[in-house]
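For reference, the structure I am asking about is given below.
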Amino acid sequence: MESNDAVIAVNFKTYAEAVGPRSVALAKTCEAVAKETGFTIIAAPPLPDLASVAASVSIPVYSQHVDDVRQGSTTGHVTPENVAASGASGTLINHSERRMTIAHIESLVGRCRALGLSTIVCTNNIGVTRACAAFQPDFVAIEPPELIGGDVSVTTANPGIVSDSVGAAKAVSPGVRVLCGAGVKNGADVEKAVELGTDGVLLASGVVKATDPAKVLADLVSGLRR
Amino acid sequence: MESNDAVIAVNFKTYAEAVGPRSVALAKTCEAVAKETGFTIIAAPPLPDLASVAASVSIPVYSQHVDDVRQGSTTGHVTPENVAASGASGTLINHSERRMTIAHIESLVGRCRALGLSTIVCTNNIGVTRACAAFQPDFVAIEPPELIGGDVSVTTANPGIVSDSVGAAKAVSPGVRVLCGAGVKNGADVEKAVELGTDGVLLASGVVKATDPAKVLADLVSGLRR
Amino acid sequence: MESNDAVIAVNFKTYAEAVGPRSVALAKTCEAVAKETGFTIIAAPPLPDLASVAASVSIPVYSQHVDDVRQGSTTGHVTPENVAASGASGTLINHSERRMTIAHIESLVGRCRALGLSTIVCTNNIGVTRACAAFQPDFVAIEPPELIGGDVSVTTANPGIVSDSVGAAKAVSPGVRVLCGAGVKNGADVEKAVELGTDGVLLASGVVKATDPAKVLADLVSGLRR
Amino acid sequence: MESNDAVIAVNFKTYAEAVGPRSVALAKTCEAVAKETGFTIIAAPPLPDLASVAASVSIPVYSQHVDDVRQGSTTGHVTPENVAASGASGTLINHSERRMTIAHIESLVGRCRALGLSTIVCTNNIGVTRACAAFQPDFVAIEPPELIGGDVSVTTANPGIVSDSVGAAKAVSPGVRVLCGAGVKNGADVEKAVELGTDGVLLASGVVKATDPAKVLADLVSGLRR
């Protein structure tokens, strides 16, 4: 992450629309929109597709998860070193669908930093945002679980949780950047997110399950520009 | 798995020697030995490298792990559909370094079968072998945890656990094939494993950390031939 | 468990109606009905109430859960030795609300047996019943998760899963006794369970949340007698 | 906890010396020393003994663990309501032998507070202390895992981690009190802990496995007095 520009981070989750070759295709769509518009789009493909996606595009590719286990006799886990070797440039940590112990989150932020990997630590409320900001990740991403996958953007449903998370995070660690997510669908949502003090959004189904992801992405980044 | 030939299954774990591009290289070494010798070598690379390895070789590629979660809002997990879409042809389940609930193991064997994925369910003793054989996976792989990563092959340290696991598995599900692992290092160990009634071995460090993996693999498959 | 009589096992779960002193009161109600009718009623109170309930009644008291960890530096866990020292005479293992790895289930059945503790291993379908019966616990208890807490008894909704579980368990381990549960509410359900080949039932809300638990228990045991 | 006096918190873990009736006996020893000396000693017995210990002594009794699950259909878990109903007055949270997700820790501190239960959130390093202090529990307890169960007190092995944890916690939440633990054995260790800014210690084997726990406890509290 060379710049401090706002970002659109796209979590592919394990949606059927974004597995295997489709995950490479969706990442290329993200890349095309990023190139056209000059904005940063981060792609977080399914774990098994991480290296193949990272080899296919020049935009930042993040892992959806990383385990705080050592390299070596840790079958079926994803170490920070795995993420780095796969060509990814960062990782989500503690997504609400993959929650982690506080000791592991703290440890992983440090291990990733030492490997040059960026980190987005996901949080579910202001208290957890404040705590995670103390670990000084690159980003915290506030996503109220009850709004994830829904039709109403967090920026509309609960703008206060967004602005208060920004305030709480910056109070603890001024350098931490804040994303928000849950229900984010279009450029107006992104514009609102930026107005509320964030550095962008983390979203999933709004892009992944769209009929025309390129069109949705172009709309989303237009919210950064305003 | 078209044939019923005995196999050498190589678990790359998360060893530094087998991450990222090195994982593709090691899989190509496995492929070269398989082609030269006509035996089946299965490669199980780190999760983030699964699709890129599967795209690079024609031998069977297995995931090291799969989660019993649905497709979709399951960030950071590996669904059976993910494994299939990545181009892999099977998966390990319940490795001793990644143990699963019995309900998930039972469910996953069925889900994988429905997707055409082969399954190797790992077990830690005869009782667990008998229970897992009841799920009718393609393979059970008995690996006494106390011998994993050690210098003495299970076939030497505890031949009885191998032959008794074969007996227990076949008594419950005659079609289930049995592998053994832990400490397996060379062709003599493989030969003994086959004598004890198995269909081959599951091993890791013996290949992954070898100075010359091709040489070790050639020796291992020679044990199948005798 | 001295006899092979059929049993009614009451899982108090963590219902508000059965915590703290109320858990002792409910156990005493179970005891009163057991004494009046001569049938065996097992009480499984919340974990923190285990020793106090066991000290208060003479019927069998079971833990709702036990962990496969060693005695000693295992804060916040419940070892088999804890269960025994608390005065309980057995334990549930692998309840669908507290699922365990297959390696832990296998280990715990043996550890409990060595300590003289009876075991009820809960299962969610016929395949898992077959696998768990291989561990030779005292009981397996089949409870289809989708029926737990519902209004229709498993004996009505899916009698085949009950009789097939009995068949599957006995085929693997003839000495294993089988319970069924989920939606069981009255004596007619119990009578049907016994007709289907079980040795009784495991139930929770039907007793715990009843206006008059003594009356419900008396009705339930009447189903054993017919 | 009516006062702000320093405390000695004794975690019985699952040591054989402190299960079942022995857990009541040890709690009575703690009570006797507390009464004689006027200092606060907290007893944290094994989970199954929680209610029986709480009914036997008048000193504060804490649970070793609590789960962030709702009351009701949560077999084998310990809810905050269970802890309260058992007569305990508080709970440990996130002990290094029973680590929890950050979302659960945050939620539990609030749920316990609403029920009038005190909380001791255990942490493993300064960063995690800072994060947990943000949740405003009654206490954070810093215990470097590598020193737990060892022969050298954290106050000797790493006094800086103790004083820095105090500083970090107070900077985030001035009202949070800080304990330290790991290797604490005697009154001199406690005296040092208090000098370093803590409000007392959390210890286990030093008391539980002592030949004469009353003597050890009397020595420990003497460190508070100096």
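Some points to look at:
Lettered A, B, C and D in written order, each chain numbered from 1.
The rule is short, and it goes like this: contacts are C-beta pairs under 8 Å (C-beta built on N, C-alpha and C of every residue); 3 or more make two chains touch, one makes a residue touch a chain.
In this text the structure is predicted, and so the values were computed from the model without any measurement.
Averaging C-alpha coordinates per chain places the centre of subunit C 33 Å away from that of subunit D. If you average the CA atoms of subunit A and of subunit D, the two centres end up 37 Å from each other.
Each chain gets a centre from the mean of its Cα atoms; for subunit B and subunit D, those two points are 44 Å apart.
The set of subunit B residues that touch two or more partner chains comprises 96. If touching chains are joined by edges, the resulting network of the protein chains shown is one closed cycle, each chain touching exactly two neighbours.
This structure has the following touching chain pairs: A-B, A-D, B-C, C-D. Subunit C meets subunit D in the complex at residues 11, 13-16, 19-23, 46-52, 55, 63-65, 69, 71-79, 81-88, 92, 95-98, 148-149, 204-205.
Interface residues of subunit A, counted against subunit D in their complex, comprise 94, 96, 99-106, 124-125, 127-128, 130-132, 134-135, 172.
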